[in-house]
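Here come two complexes built around subunit A, the first alongside subunit B, the second alongside subunit C.
And now, the complex of A and B:
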């Protein structure tokens, strides 16, 4: 049987410097730079970390991400380091897609299920080097990952606190990084990973993000977090760089059609009620399921589901009017309730009220006309509108620059 | 292709594997049984442990053999016979004032008339409740939460069985089924010897003390054979040899000294097995009589399973807590107050309930009992094939002896052996001078000799949470495993341990009715 070892290369965290016992939350390694920029002085919580909802105004931050570039602190995102002889078979049994197709130096999107074929979380696999991977996700999964090590020779450790990370997203992000001195950054393709020498340390850059636009994620040891922030803002000064909080990110990711655990689906291992979880097919992630693999968690159940048909469809809705349809019921034109909106926003770029919704199958075919029951408040007075909505196939914001290599300069 | 489809490999020639082989061969399948040991039988064997002395090395009494299996496979006409049947249980007292328990009648030990009356009532309801379990034994367990018709019928049948007990008995059944036997015996009886002896029904072969919950359930399971205690002529090996003979008559091939080292996979289904010497045997169906941990982890490999299922298998409670003592004696042992006829009874050392509970206490902390309990049989008194003339063999189940002994078994084994002989000497003072040879099997020895993970006789603790559709774990409790073509047929599956053969029979039915979950590459 396999032994679960802590990777001895990972440095233990010195909690004495974190003052987390005073704040009940960690301060990000970027805190000293975030704090003066956070004009609202409001902090939210992301996992164990303080994380700003917005620094100034989520609207301004949103437009900066779509028209210039923004810096979002990714450090709280859960990060696992997986290495050892069986790292690949371990990951291949864990997630539904074929991980062998993610070559060293590449990133792949994935989701993973329990035995019942219900999605536990989605995330990204970074193939750092031969037999060495980083798995990033929204939720914490140490227990499930450890369960998965049975029979595999892998080293598994959590490195959330050991890696400082920033997302630099927006059309001027490439230009900013080039100005910061990352030669050849423009040649990175979507999902590429590169390493750069930076201030006597190594800066890892991946062309990834959660905004659906040109963007990069920057990974560095926490000791160099502040200098990275400083150099980035120095270089981005003429490119309209701004710090960005979580509220703007939510608008961006819904526009881009990205789902998020605990918003658009319940993590299966944290869900008590039967029927409240979703399979990959029910989240539009069927393309991530590779039945050619002889074994992966959920395979048997998903094969059965394929035969039986699935219960739900996750769809994108284009809703009439300008009221975001958060938490709304979705009805057919005959007023039959067929689902709920899971995420919604006003999309300034698409000039539309857009949403992700989970509908009972067979509802949700592109073009289907539905009604969304939206409650909204104006100065304490509530109103209700049954807004017309259409199921759309394409994401609401999908500029060519997202995939261009080298990306068009700005 | 048809020929390959027809081929079935059974891993392990224990009694369940052999029963399964008979049924499958009868149905026209081409069955090969692969037994790692030099003889068939698994833990139901007779073997020599000293020159001229033979003993049932694992199980030593037969009381649960499935009557349906007996009938359908005509075991008695195939030569299965008994040297003893409907044995009396004798609860030994150090002063020689023993208690004889024969069915519901009690004798000796100054037993009160109240106890005698209570015993009749106790046997009545225990046998009635055991009947419910008996009817579950030779069914494939229904699954819970499906829309499948046969699952619903199976569940309804059991519910109806319970309802048909009538109001009072149903209430009593539901009250006691999950609790401990200590309380039940205290409620019903006065005599300490009687209570001690009856408590063994709930704890023999398990990791339970009389005060552990599930001990009533274990007693009911033990009684669910609805038959008396018996000793097969020639020892337990005779049962296995008869089963092997019947299997061969039906056309099964049985190979001994053929150790399976792994189960082979082709995509998402089994394709055969590989033996230790490298030989590969192709089969689209592999049925494992090995315990679930051995089957899924050692033979198949955890990485061929989905993680939630693997975790469940890992969490099966199966650590043996029983040692087995074999003594070769150069004469009839002289137990205080027992004549030679009584000596051939099932002899119990469990003088009172607290004695048994105290014996169990040690095992919770990784120690063996300072004063163990024992179930003793001297089969050679009625079977001269087991020992040279005038000499005898004594076989004893000894509790408690934990698999994970804190001090380790290498040196402690000899100490425990001596302690158990001392214990016997308290009842049979001359026994030490009659010793020709002694052998003690610790749970570790049992693991090694019979290839049972953790040395647990029942291939997993018998408990309500490891029974029926939960045995060994959900998604393999209907004998089909989550791996296409791989089935379980051993005591790790419903209805569990004891030499029954029901699991083997049920598994055969499951194999014959099975369908694969078809993947894109299968």
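And now, the complex of A and C:
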């Protein structure tokens, strides 16, 4: 009775039987549609699932996201369902921000810390309805969430495999969804959630994304995954829709200044070496810390840190030249090493080499001039440049259209 | 204690040819190493490499001690005692050129599995996502708690590993090197941060059962993790101090994969064989078949050894690979030792608690719970499904019998290593906990040994019906065999228990943790010494370094641990 999703029927992944080990990487509920479009025939891994690095060419996919719209399969993202009378106080104890400000039908970005005020993960809280939430994150957290339920009347379950999800991102995304028949989609504001009747089921849409542009995320039961994909591509056909893999997404999110667990910070619950974790302040997430809340995990340590000052700053760097500063050391102008690049890309939109970097405090004030040591190879010959770089405040790609409601059609 | 050798009197230049023979024409060696266990071999190889004329004497006709492989059934190679390798220091592997002498350590492709009475199991796989899902199948929470568990364990491993391939500093000594050593240890400790320091004291004093309670909720998952806390120790999962034993088993690696275990191709004896070849290539001489009866001491200085067969050999340096009690209580004249010293040696904790059943199998057994799973069977397999059952197994030991429901560590190395058994046939290695040194206070009889073997086979048969029919030959080893054959006092597999009171500068006993014995020229290099048991080669290497220091020879022994 093993329900491994290797046959043609789309069912949520179930690994409640011993036989799960036979499947090392599961197919997403969208697999039957992804497979023919994956011209490269290469699959990466995202936790339990196969996930394409790119379908055709990451550069083309990147531009599709900035110029038309792209579809990215979000299903593997970790999702928790949280409900019950104490869902709100529970979440308020868990995360650093004030969750009561996330009204029903709204989404909020958040991060959560251990008792030492070190970030375990960041994620999004979806306030689905009164006392019902979905928490999405990169890593898994059942142990920490369960530990936090003590004393609260909440129901907690992981629903990663029960919800299929697609991100539709780019300037023609709203037009595509309109054509697909989602009436009133244009009225959704950034971080709004709406439910639509769709093919005899409910389709949840949130105006959210990881690309820093106009975009939506679509949430549906796995049985309806394929029909959602089909309808979306049918509608998007006239709007330049393309599937997109995670290489393009990496470029987009760095341009947009979004951080990612295990790239820009280490989840505190998995970090072995002392000093390798970060507090919200050290990741530029100080705005998510609300000391007006009397209790939340890490509050005491974070208050102390506020007094004492923090050790690191996570900053955006605009680097001279055209080489992406991947894995680079960052130096002051006097050649003192003060940090490392955590994520970097060439930004085709800004025509600049851009990066996120973790610097030792007090370095990292906007405008500070630094040097980034970049190694690169041309025709098997390695070179090194000490590229000049500046700490910048604004994200590298931030069109006003991102927030416009109703958004333009293209 | 801890005198250094007067180096000027050493006959150092055997290679230069100015070696002077003793008048009675008994050849005098630069050093004699007693026992060809892997630590003795390591020690002797380093001394030979440094240019010393080294004689190694081994009582058995074969080498390796607890790291031996013998063909006890035609065409089958057994790993007669130790069977998996993880702790063997790569620095030793490399500098003794063990690869050149044919040694290969192959990681096993399976993870591990613990079967439960109700036909379920918890497995772990090479693929971390599959392992996580497997744990989540039983407890989603535990699957995630494992991240935290691994983190905390790895923090402690990274600390303790630094001190493995180096001599433990003596906190009571004011010698600069000891002061520096203590300072370094203190600094490494402070670097960990306060949480990790708190945790360390707890880890070193808690029981494995309590320690696991801090992370896991599911009984089967706890049982699966608890096993490595009791291997080789005469303590129960609920006894304080067992948490450290877990650490001792987690700190090794295979090619940098922490906590991973592998097989030596050709059985663990291949490790000893490669070491022996390295030793002999460096000019060493090996004598097997007659043991040392007495370590000869003249005027407070060692003079050589007298063998059971009456032969005598001379050297100003004698290194013992034997256990602490065997060295001093059995092979030395008690008059040559301080009573205080003897008292401490007598009280050294070296209680036997393990047994081994090695079998030649006519085919591959089928474990019912696996439902045809061909991955789990390549790793280590266990059949105790709760911490309580593990504790009851220990109760039997306390009561003076072997466990009626024992903890087994079952492996089939022939699934990975094609050299161990003919194609289609298999070698099964079963490590058993608990087996007492004596049965109800009396020496083991052959009959009891066979009954013990039956207990083990019946236990496996329950999970793999038809298994017993596959057994072509079995070697059954109780602590009696481990003591008589390998020389492990009371059959303790680590040459002395791994408890906090017997670790670091207290191993084997306070004041003697730097490999020097109470007589001048006498050294100890077995697992009784820091950092303890397991196929690690660290005690042997560390002792060689100390000896070379005493005789002012350039150090050829690697030191420290490469890590960030």
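The definition used in the following text is that the second predicted complex is superposed on the first by the 387 of 410 C-alpha atoms of A that agree within 3 Å, B and C clash if a C-alpha of one lies under 4 Å from a C-alpha of the other, contacts with A are read in each partner's own complex, and residues count from 1 in each chain.
Just so we're on the same page, contacts are C-beta pairs under 8 Å (C-beta built on N, C-alpha and C of every residue); 3 or more make two chains touch, one makes a residue touch a chain.
Not measured: the values here are computed from a predicted model.
Look at A:271: by the touch rule set out above, it reaches subunit C but stays clear of subunit B. Of the two partner chains placed around the shared chain by superposition, subunit C is the only one that A:158 touches, whereas subunit B remains out of contact.
In the superposition on chain A, A:144 makes contact with both subunit B and subunit C.
Within the superposed three-chain model, A:25 lies in touch with subunit C and out of touch with subunit B [touch as defined at top]. By the touch criterion defined above, A:105 reaches neither subunit B nor subunit C.
In the superposed model, A:292 lies in contact with subunit B only, and not with subunit C. In the superposed model, A:89 lies in contact with subunit B only, and not with subunit C. Common to the subunit B-facing and subunit C-facing surfaces of subunit A are residues 116, 144. Residues 15-21, 24-25, 45, 47-48, 116, 140-144, 146, 158, 269-275 of subunit A are the ones touching subunit C in the complex.
Within the complex formed with subunit B, the residues of subunit A that make contact are 1, 86, 89, 93-94, 114-116, 144, 147-148, 150-152, 291-292, 294-300, 303-304.
Of all the residues in subunit B, the ones that touch subunit A in their complex are 265, 267-268, 297, 301-311, 314, 475, 482, 517-521. Of all residues in subunit C, only 120-121, 123, 125, 127, 129-130, 132-134, 136-137, 140-145, 147-148, 150-151, 154-155, 158, 191-193, 195-196, 371, 373, 375, 564 touch subunit A in the complex they form.
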